[in-house]
Amino acid sequence: MGTHATGYKDPFNSGKALGLNHTKLGMWLFLASEVMFFGGLLSAFLHYRVSAPAPVEDALLDITLVGINTFILLTSSFTVVLGFGSIQAGNVKRLGFFLGATIVLGVLFLSGQVYEFYSLTQEGLTLTSSVFGSSFYTLTGFHGLHVFVGILWASYVLLGALRGKYSSESTIGVEVFGLYWHFVDIVWIVLFTLIYLI
Amino acid sequence: MSTHVDQPTGETHPSTRVYVVVFIVLALMTAVELALSMDYFVVPRNLLTPLFLAGALIKASLVAAFYMHLKYDTKFYTYIIVIPVILLIVFAIMATIS
Amino acid sequence: MKERSIFIIIVLSIILIGIGLFVATQADLSFLLPEEASAESVLIDGLFRMLMGIATVVFLLVEGVLLYTVIRFRRKPGEEGDGKPVHGNNTLEIVWTIIPAIIVAVIGVYSYQVLTIIEQPREDPLVVQIIGRQFSWEYIYPESRISSGVMHLPVDRPVQFQIESKDVIHSFWVPAFRLKQDATPGQIDEFFITPTKIGRYPIRCAELCGAAHAAMVSEVVVQSKEDFEAWLEAGGTALSPPSMEETSSQPSPGESGTAPDTSSEEVQAQGRALFIELGCGACHMLADAGGAGAVGPPLDGIASIADTRVDGMDAHSYILKSIINPDDHVVEGFPPGLMPKDYGDRISEEKNELLVKYLLSQ
Amino acid sequence: MSVQAEAMGQKPTWRKYLSWNTDHKVIGVQYIVTTFLFFVIGGALAMVIRAELAQPGSDIVNGVEYNRLLTNHGSVMIFLWIIPIMAGFANYVLPLMIGAQDMAFPNLNALSFWLIPPAGIIMMTSFFVGAAESGWTTYVPLSLTAPFGQTLWAVSVLLLGMSSIIGAVNFVTTTLTMRTKGMGFWDMPLFVWSMLATSLMILIATPMLTAGLVLIAMDRVVGTLFFVVQAGGDPIFWQNIFWFYSHPAVYIMILPAMGIISEVIPVFSRKPIFGYKAIAISSMAISILGLLVWAHHMFTSGMNPALRVPYMITSMIIAVPTGIKIFSWLATMWDGKLELKTPMLFAIGFLAMFLIGGLTGIFLAAIPIDLHVHDTYFVVAHLHYVLFGGSVSAVYAGLYYWFPKITGRKYNEPLGKAHFWMNFIGANLTYLPLFLAGLLGMPRRVADYSPEFATANMLATIGAIILGASTLPFLYNAIVSWARGPKAGDNPWRALTLEWTTTSPPPENNFDSPPVLTHGPYDYGDPIVQLENQTS
């Protein structure tokens, strides 16, 4: 979603009012609804963690691995803004480089998560082993799914960049992707704190 | 046309230096949090939770303000994203204590 | 003209408020509600009356103005042109914001007062545990260690209910008491009630709980203190509580181990009582025990049918098996999985035997 | 205002309605026709329900079948009829009303429509594999034991939720960024305001349902333990998450209806809407307050008792903005020149019936009374007064009101009036006796009931037959008038909102140049406006 759709007839006021670009506004509205979606899953996690009669199995969680993963995702957000800064300055090559870096970092993050899931499963924490397991995997799994979608999207933007779709005049496609990626990063900051730190 | 100030987008974005500074702050904060959770410092447990929550809030706000340019865009986007966050907090609290 | 309309408005307001007061205090609203059989119902009905009074006034006012407007201001034939360009009136708008706000505040405060009274804990209550199952209620009197499928309560003594569910969410509702409480699995909820009127009142399940939700009905019998004590004593209607914690696996002490003859009057009476207590009639038709349900197969004449149902299985073992493992032989036309599968655990072997013997006499 | 020449518009072919088309008007018609189809299906389910309930005893369907019927009746009416048809109206008229040429995201717009037919088919297919049978509320743990159709149901509602969210993103963006030159917030028609409030609610509330449905679907399919009581799952948590969406859903269904009424009443009263700003602000107030009342559906659930009072207070406060709207509509009609055409009749019917729904809502918000009437036929009657007497009346008002604009033809007025009277009498006869049944002790969702409620139920069934039959004159009228009705002209109602300044039906790009606002949307009675109106 996001970019000017085909068959779109330019509105009389060229899609801007109140200083709002409509693609960007649409993205923000979508992100608002994403807040509530993650919020629902997160509430389930917190509810069961707070109300659990027995101590939950969060001692199994490996903070070192997740710490590394957190750094990876933070860095990927950094590469995305650097990419956006590049295209604003009209440097398509550097945009391509940073998008590539973002994709690599995203894949690394997902690999880390897959490894984490695998080792936790080995230790007996599964989707069906306890309510904690159910809510932990569902919540982090849906975040991982969003990272995955983000990687696909980044590849799409990268493809567009290689075909010369973006320039210093036309940055909205990169910016909107950036908003999504940073949002997924923020979700991780919250999950990291609520699941692993506390 | 409207009461809001028309503000063209895409021209008042921060410089690369701001991006770097924000990244360093985020990384340092995360490192400190990790160290805290691994008990490198002796901090009472009941102080840690609010500390971590505050840390998450600051980090999330930094990303939103600088990387997502909320600080440079119209306030409208900030409202769009802050209102659901508030409602979500209300929901999470109410659902957990009910 | 202006004075005249002010006069009309005043007269109409007085009439409306008069009607409202009449509804709230004097009118006979008993046709709207079941009889009041608990102390709480009187308070709730008081609140209901007040709301009816307010609602009547608002209803008459709005519908009256609407009707008057439609008749008075409809376009006459041949009439052209628009109405007056009135865009609003601040005074009027403030009035119709503030007056409803005040009314709502009053209702809120009154509701809160009633709520605190009806939910406050009582001294020396009779404790009754309510257990909801698909599709029957069980009432346990922990002090007397008895259980029943019909609720008996002494009049004028506060009752503390502790309600839980063994499977899905049910909702315990006695319309005559005005109170309702969901039975949620995994938690025990408490509520109080003080029955004030001797009589028999229906109990209904108010939360959709499955196929026979509509049939999950039961009865509360409010009796004098003496009658209630007598009922507690009488072994005929009281069951030893197999579903209470420790006792479930052990044979209960008060129970006779030997089963009497198949056709004796004793078995008939005890079996019928058991059938009624367990709520079998909610799902199964059985004329002898007043069963009228259509959820499961009818049981009239079951003795002869049961013999022929499964090759190599006599009527006795077929019925017993159908009670304990109901999904093993499902009668055609009825979906499997409807009947609870815990009768083998909930009910002692002797009781199941009694039930089978009773059914064989039908 | 330049009038578009008829020849400019593309010759409409029925094929474009069956294809991926990004024209908001085509999508609007797709929405309206598809959802009406589901309305008919939902109505047919209701007919079976009422037939079963005509007399005590389970005579037509058994308990399981009955539960399937009521579950799907509720789900179809809510998710496949009222919520999407409001999106259909908004699709057709919202861009026209603000002078835009299309929606902000035409392709997403098409997507939001094309999610609906598959979702509807999935929900209907579930009848063949054991349909959902735990009510539209899907309370756990009952819904975990239901057959496979329950999973299909969850998937279907999930898709419909996505459709709704995508639509909402589109409506908000379109409203905020694509208004014609000179149209500030306070110049927007009230329907646009109400869609803005509705869409913001959808954006916040619907994802919560999506999350909840994901949890239920995972419990059912993967075997997670969110709602498995034995493993520590909490049924009350589902109720929280469900009602956080589903109470706002009521406002999602009624706010656009109020918007339609706010359009129809001034046009047919020939007077400006009374208290424009108050109505617009109360829409926004309802959308915010509506998000904070959800647990009033849980007063008897064994939730934390101390939390119930704040919910009671917020629920009751909603009566205030709702009252403001009702009084403002009455004041608009007062001293007007009422033209009692069919849309106006339905608007009046809306006022008469919605009032009853609103008043009984106060009864339900008062906790002590709710303890008695919760989950009874009182609730059934209340919600049907709000959603049928309210929302569906408004939908009909809107269908008749915009029929000339959408089809370019006039509908048959006597048939329309017959439809209104059958609908009005049928609805009241159906729902009014049910209040009494509920108060006297009839629980909802029962296939069988005690004989003492027989009279009320027989009356309701007779009413339902009239109600069902009332759809026939409408369908006949709509089909025949669409095919052969007399040409309507651009502005048959002499209305002042922008959709009436273009041709009927509007050309593909709506307007050649940005429409210039010369007056507000409801400036009836203004001598200059009158003059201008007569010359055009």
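To keep things simple, chains are lettered A, B, C and D as they appear, and every chain counts its residues starting from 1.
Heads up, the rule we're going with is that contacts are C-beta pairs under 8 Å (C-beta built on N, C-alpha and C of every residue); 3 or more make two chains touch, one makes a residue touch a chain.
Since we're looking at a predicted model, the values are computed, not measured.
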Chain pair, A-B or C-D, that carries the greater number of C-beta contacts: C-D
By mean Cα position, the chain sitting nearest the middle: D
Remotest chain, chain A as reference, centres from CA atoms: C
Rounded Å distance between chain A and chain B, as computed from the means of their C-alpha atoms: 15
Inter-chain centre distance, chain B versus chain C - centres from mean C-alpha coordinates, in Å: 50
Distance between the centres, which are taken as Cα means, of chain D and chain C, whole angstrom: 32
Chain centre separation (chain B, chain D; CA means) in Å: 38
Shared-contact residues (touching 2 or more other chains) in chain D: 181, 203-204, 208, 232-234, 236-237, 241
For chain C, residues contacting two or more additional chains: none
Two or more partner chains touched - positions in chain B: 1-2, 83-84, 87, 91, 95
Those chain pairs that satisfy the touch definition: A-B, A-D, B-D, C-D
Parts of chain B lying in touch with chain D, wherever the complex brings them together: 1-3, 83-84, 87, 90-91, 94-95, 97-98
Residue numbers on chain A that touch chain D, as the complex places them: 1, 5-9, 11-13, 15-18, 20-22, 25-26, 29-30, 32-41, 43-44, 47-48, 51-54, 127-128, 130-131, 133-135, 137-138, 142
List of chain A residues in touch with chain B within their complex: 17-21, 24-25, 28-29, 31-33, 35-36, 39, 42-43, 46-47, 50-51, 63, 67, 70-71, 74-75, 77-78, 80-82, 84-85, 88, 171-172, 175, 178-179, 182-183, 185-186, 189-190, 192-194, 196-198
Interfacial residue positions of chain D with respect to chain A in the complex: 22, 99-102, 104-108, 165, 168-170, 172-174, 176-181, 203-208, 210-212, 214-215, 218, 222-226, 228, 231-234, 237, 241, 509, 513-514
List of chain D residues in touch with chain B within their complex: 181-182, 184-185, 203-204, 208, 236-237, 240-241, 244, 291-292, 295, 298, 303-304, 307
